[in-house]
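Chain naming follows the written order as A, B, C and D, and within any one chain the residues start at number 1.
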Amino acid sequence: MSDERIPLLEASNVTKIFGAVRALTSASLELFSGEIVALLGANGAGKSTLVNVLTGAIRPDSGHVRIRGREFKAASPTDARQSGLIPVYQESSMIPDLSVADNLRLTNTEPAPFRYWLGELGIGQLGLDEEAGGLPLATLRILDLARALASEPEVLLLDEMTAALPTDLVRKVLDVIRSQKARDCGIIFISHRFVEVAAVCDRASVLRDGRTVGNLAIEPGVEDRIVDMMLGGSIDAAAARKAKSADDRAPGLPRLSAKGLSAGTNLADVSFELHRGEVLGVVALEGQGQDELFEVLSGFEKPSGGFIEVEGNKVSFEHPADAIEAGLAYVPGDRAAALLMQRSVRENIALPFSAQVSAWGAIPVKREGERVAEAIERLQIDTRAQGEVRRLSGGNQQKVTIGRWIATGTKTLLLFDPTRGIDIRTKRQIYPLMRKFAKQGASVLYYSSELEEIPLVCDRVIVIFSGRIVDTFNAGDADESTLMRAAHGLALSSAEAA
Amino acid sequence: MTVAAAEGPAIRIKRFLSEYPVVPLILLLAALVVALEVIRPGIVNERWIANTIKFAIPLAMLASCQTLTMLTGGIDLSVGTIATISSFVMATQVPLAGTASAVVIALVPAFLLGLVNGFGVGICRVHPLIMTLGTGLIGIGCLQVYQRFVIATGSEVPDFLAWLGTGRIWILPHSLLLFVPFAVAVVFMLRRTGFGRLLYALGDNENASRLSGVRGWQVFLALYALSGLIAGITGLLYLGLIKAPSLSLVEPRLLPAVAAAVIGGTSIFGGRGTYSGTIVGALILTVLTTMLTVMQIPEGTRRLLFGVIILAVTAIYLRLTEES
Amino acid sequence: ASDYSIGVSNTVQGNGWREQMICAIKAQALSSGKVSDLNIAHRNTDAAGQLEDIRNLIQAGVDAIIINPSNPDGLNAAIQEATDAGIVVVAVDQAVSAPTAYVLSNNQEEYAYLGAKWLFEQLGGSGDVVYMRGAAGASADSDRDAGFHRAHDEHPDVNIIHEVFTGWQQDQGKQQMLDFLATGIPLDGVWTSGIDNVIVDAFLESDSPLVPIVGADNAGFVGMLSSVDGLVGAAVTNPGSVGGAGIALALNILGGDAPGDRTVLVDPALWENQTEEGKATLAAAENPNLDPEWPVSVSIPGWTDYSMEQIIACKGPGE
Amino acid sequence: MGFFRRESWNLGLVAILALLFVLTKVVQPNYGASGIVGLAQAALPFAFAAAAQAIVVIVGGIDLSIASMMAVTSVAAAVMMEGASEGQAFWIALFILALGTAMGALNGILIVLTRVPDIVVTLAMLYVWEGVALMILKAPGGGASDWLMGLPIGSIPLPGVPESVSSFLPKALLLLVVCIAVVWVPLKRSKLGLQIYAIGSSEQAAYRTGVPVKRSKVAAYAIAGLFAAMGGLVLTASTGIGAPIPGPYLLASVAAVVLGGVVLGGGRGGLLGPIIAVFILRLVRTILTFLAVDPNVTTIVEGTIMVAVVMVGGVLALRGRRRSAA
């Protein structure tokens, strides 16, 4: 591509200050038609803020945005839309109380192309009468994308579109993105997963602390350089190592065992044991019953069959508080469901401390401060906007949901896709953190939509398909393709055939 | 536009104001007092200040019930009735049961009605607005029935209540003896106790609180019972202040109590608000009432101005405190 | 015959005066021995709500309806429906304009005139007066305003230096008086529309010299007129027992003894504490045990025939 | 099944209403056509207030000034209609509707421009409109044209339908249905209606998907003003005069909205639920009057029933949801 061409979209020296936080100091970006540019940066680097500026959702303090060389004073998302800029924001923009069809009507989206894209993305069977608020997050993200595609964008801005998606859907999304490139659409792609970036992007633009620090072509071996740029120095790449094998599991009763659990229409007869000092991975494609499994274990829902044992004692949870008392703490996949958005980071982390009636009295301020600070430290939470969690970047919010239980020192963590939207540095800190957590005697049930992290964290893996456990591996033996095959139920069908 | 320019003193002042939102509210209060002095020179004297504080105190106490419940996304519409009940029961029980027992007898219905609210909201999941509206009606009915048995037993305002309600030393009304510890306790509760934290938490995201092991019903039960009790105590203070028991003594103060809380920055949708803001809100309303009383204008204009000034004050307050 | 069914519609609840009215209605119904049951709609509402109550009472098949109208002209439709159905309608306390209704009303204009005239005469025909009205927009308040101004027109040298609406609320009236006293503007007298004892209190609390005060015959204020040192004042009667008189009138009409004139006005009396005669009346009327919001005039001679005990018991037929 | 799930709350309310009708008939065996006509008349102003409140609650706000706006429109209509001819009265009524819409729009504009929370703005406007009403009329007075007064009275004489049936169809009910439907049905189907629900559901998401948040919010408040004006006109029509003191319509409207299944905070619910709730509350009042219980006890009963209706409604709705889920 030649530099004389006029960029489709150009941002130069954009700044944006929110109260005490300088979200963008000097951000610049160029995008040509038919090009896919990765916008990379650590949590809180300013990626989403830049997307918001480009689409007129917020107004920059200074700097310029040009579309095809013409100054664009994006007054509102409507104006951006009219210029062909279609965003998929980091949070779903589907109106929860409206049906999918009404959501389409709201944006004047034709149902026919929308249906076509749903089909391409693998959920063509979805009924448009469904209320958006009742759909799983992954489905909502696909709907966001399909709606964006249906309006034939000239510039597509995808802010962590893939973060909540399981691997199979990610592949479909990447395929679709490539097809858009083919029709000369310019695409900005934000993701914390380098594999995805490497798979589709032509160039990467790197943001650090609100400043554009580099622009480089995607080529083999570029990952480490990008990471260096993102973080302003190298990190300990060796931190993430393969997990130990499962043989040296601690003796005694299992910490948690599920016996023939079933729930709703999705989960049927699941049994497994989670031991002291173990990280047990859960692998499943979208909607195979993993959501129900976690909800039952965390006391959110009652199982319709089977039961749970903690330390060998049969338990029955009426309320998540019962589960927490039994030592099971749950981090849901949707951070919005777990956070007090208008409250501070500290209050969010300290929330479980006050839950019991016995802790309703004066707060031991100093001790609480220490515990919170330690959690913040261990998870590297960017606390510049700590007064209200809603002002944190998406990834930092995600960290707060985990930090809460790190600070509480719970015995068993039920993590549902905890590294969703978390940057590479923190991920590399979280994996050893989980290992250490386990080594100190805790247990972790770890569902992840990102298969490559399974061997880095887990001791064993169970694979769920159609609400049943179809396979169990030692994490050491679980490479991505094996897991993928199992997750698609292929192991099951071959077993049945045999 | 350079970034350095954005760091000027204006920005720093603004940041200070948004960090301590009660400061601009106090400034607005001061502005109103100045305006009053301009309208009626000489009125801002020792006696007037004491009277203003005296009337703002029970209002601020009643408004604390709104702040506390609004933090959880609720509201307590029964406080006017509860306070009226306890004041009326107090005045009519003094001749029958003696002062000390009368205090206890007067606070029992307040606490019970609060408990019923808490039961309905926390355990039966009835919307607080309906629940407290309902118990308010039930309370009024009970009071009317009670009233028929005490028509001829006389009533008495005990001296200590009259002393507390009406007395003053210089600009300091005696009721500060009750209010200062009360306000400190409420502010401390909201900032530094687990219970206070849970109020904000439930109002912000009940689901997230559940997930963290909070049993909402326990909090609601305690909260509404507390609100009822505070309303009851406020009723006693009103009795001391007005010295005329009546079947609707505190009833008209319900809307002003809600107003004081929202002017002071409490959100009805929960999760946001402070008690210090509410106290200033109550003072602003009291000063505003005085200002319009002393202005000789037709009643229609008076009400219109009252509304316009409330809107202006909150709009200015918002401009002063909001972040970019 | 003791089997009349009588309906009552009242739109202000939680006020001693109206409670007395209800008790008088019950006591008179009981003592007459002619009423088998009373059906009382007693709540806070507006004219439209009162229309609803009257229509419900018609449906309930009562023989007569006693109403304390929320305003004089707004109830005509329902009153017409009632009288069309052969139901006797008696408006008490305030008048209604419906031609088919009987009215047994306290004369509100006269009420204000009597008190204001006494006050202005007490001041020797000149001076600065504070005028504390009832609720803005209420018809009783505008009737009283007419009477007050009639007296004022007769004493043009009296100066109304301050006019406020108490909303008939104790706390509001007290704060307004305290605010006014704080301004330090001199005043010579106060006329109140029934929020009276708290006004005396406001003077006492702010150590301001007492001035002549006119109020109503509420038990609290009447007590103060004889007990507060240096208080010059007068209470104008505004008996809540007019409700009992309404029952008596309705029973007369049902018994075939309708008055020639459809409107009967109960004229107020004034009890002042300056003459020996006045003091004696006050002393006789005073009742420290009565609910302080209740008017002390618990009966209307010639109309009601229940005893003090009966009205205080507040029991109707069948209770 | 979807219908039952979506409408479970309303169906619960209808069941309660039906139950109350049966109870009324038991308590007062000769309750019939004229009782139902009276009920519809009594419900009218409450129903319009509830409709007005419902639409602002759906958009995510709340309007504390509804009763005051009703007072302003009622006194304005009464003052203008006094002595006006029947022909003029029609234009006056139209003017009053426009006035209400403008007042509502002003509420909305102030909310959008000042960015002060809805509750504070409308609280301030409660006093402002109350002041305006008192400026127009100091005491109850004015008049209403016969044409207007006749609107809600009596029943509809349907051609071909026997009197015994048609007398059960109150004109007031027809008036209510027509007025609400004329505004609500097209609105609900329009883009604006969708945008109102979208804003109430998630203002942020709505803004990002290109919904003109400010404009739609102002429109919602304006429509609320229109309904309030209808309520004000109905007050003038039923009493024949205008009264400057606002009636008990504020709390009643909020209660009806909550009882009617509209979620405070926005995005869910409709107008049907609140209107059925209004009828329930009116019918409770009727039953209490028929029972001739001690007037002080009626208040207790009314409070208890209000709470009980929400509890029963909640249980029924939950049951409906469960059944359709299973």
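Please note the rule applied: contacts are C-beta pairs under 8 Å (C-beta built on N, C-alpha and C of every residue); 3 or more make two chains touch, one makes a residue touch a chain.
Note that the structure is predicted; figures quoted are calculated from it, not measured.
The greater number of contacting C-beta pairs, out of the two interfaces B-D and A-D, is seen for B-D. Averaging Cα coordinates per chain places subunit A and subunit C 71 Å apart. Note on chain placement: the centre of subunit B and the centre of subunit D lie 30 Å apart, centres being C-alpha means.
In this assembly, the C-alpha centroid of subunit A lies 44 Å from the C-alpha centroid of subunit B.
The set of subunit A residues that touch two or more partner chains is empty.
With touch defined as above, residues shared between interfaces to two or more other chains in subunit D number as follows: 133-134, 138, 294-296, 298-299. Contact of a single residue of subunit B with at least two other chains is seen at positions 140, 144, 148, 299-300. Contacts between chains, counted with the stated touch criterion, involve the pairs A-B, A-D, B-C, B-D, C-D.
Residues 77, 120, 124-127, 129-131, 133-142, 144-145, 148, 255, 258-259, 262-263, 267-269, 298-308, 310-311, 314-315, 318, 322 of subunit B touch subunit D in their complex.
Interface residues of subunit A, counted against subunit D in their complex, comprise 55, 57, 76-78, 81, 87, 89, 91-98, 102-103, 105-107, 129, 133. Residue ranges of subunit B in contact with subunit A, taken from their complex: 1-3, 6, 15, 18, 188, 192-195, 197-198, 200-201, 204-205, 207-215, 218, 222, 271-272, 323-324. Those residues of subunit A whose C-beta lies close enough to touch subunit B in the complex are 15, 17-20, 22, 25, 61-62, 298, 300, 319-321, 324-325, 330, 332, 337-343, 347, 350-357, 359-363, 365, 404. Interface of subunit C with subunit D (complex): residues 8, 13, 22, 37-49, 51-53, 55-61, 70-77, 135-139, 141-142, 319.
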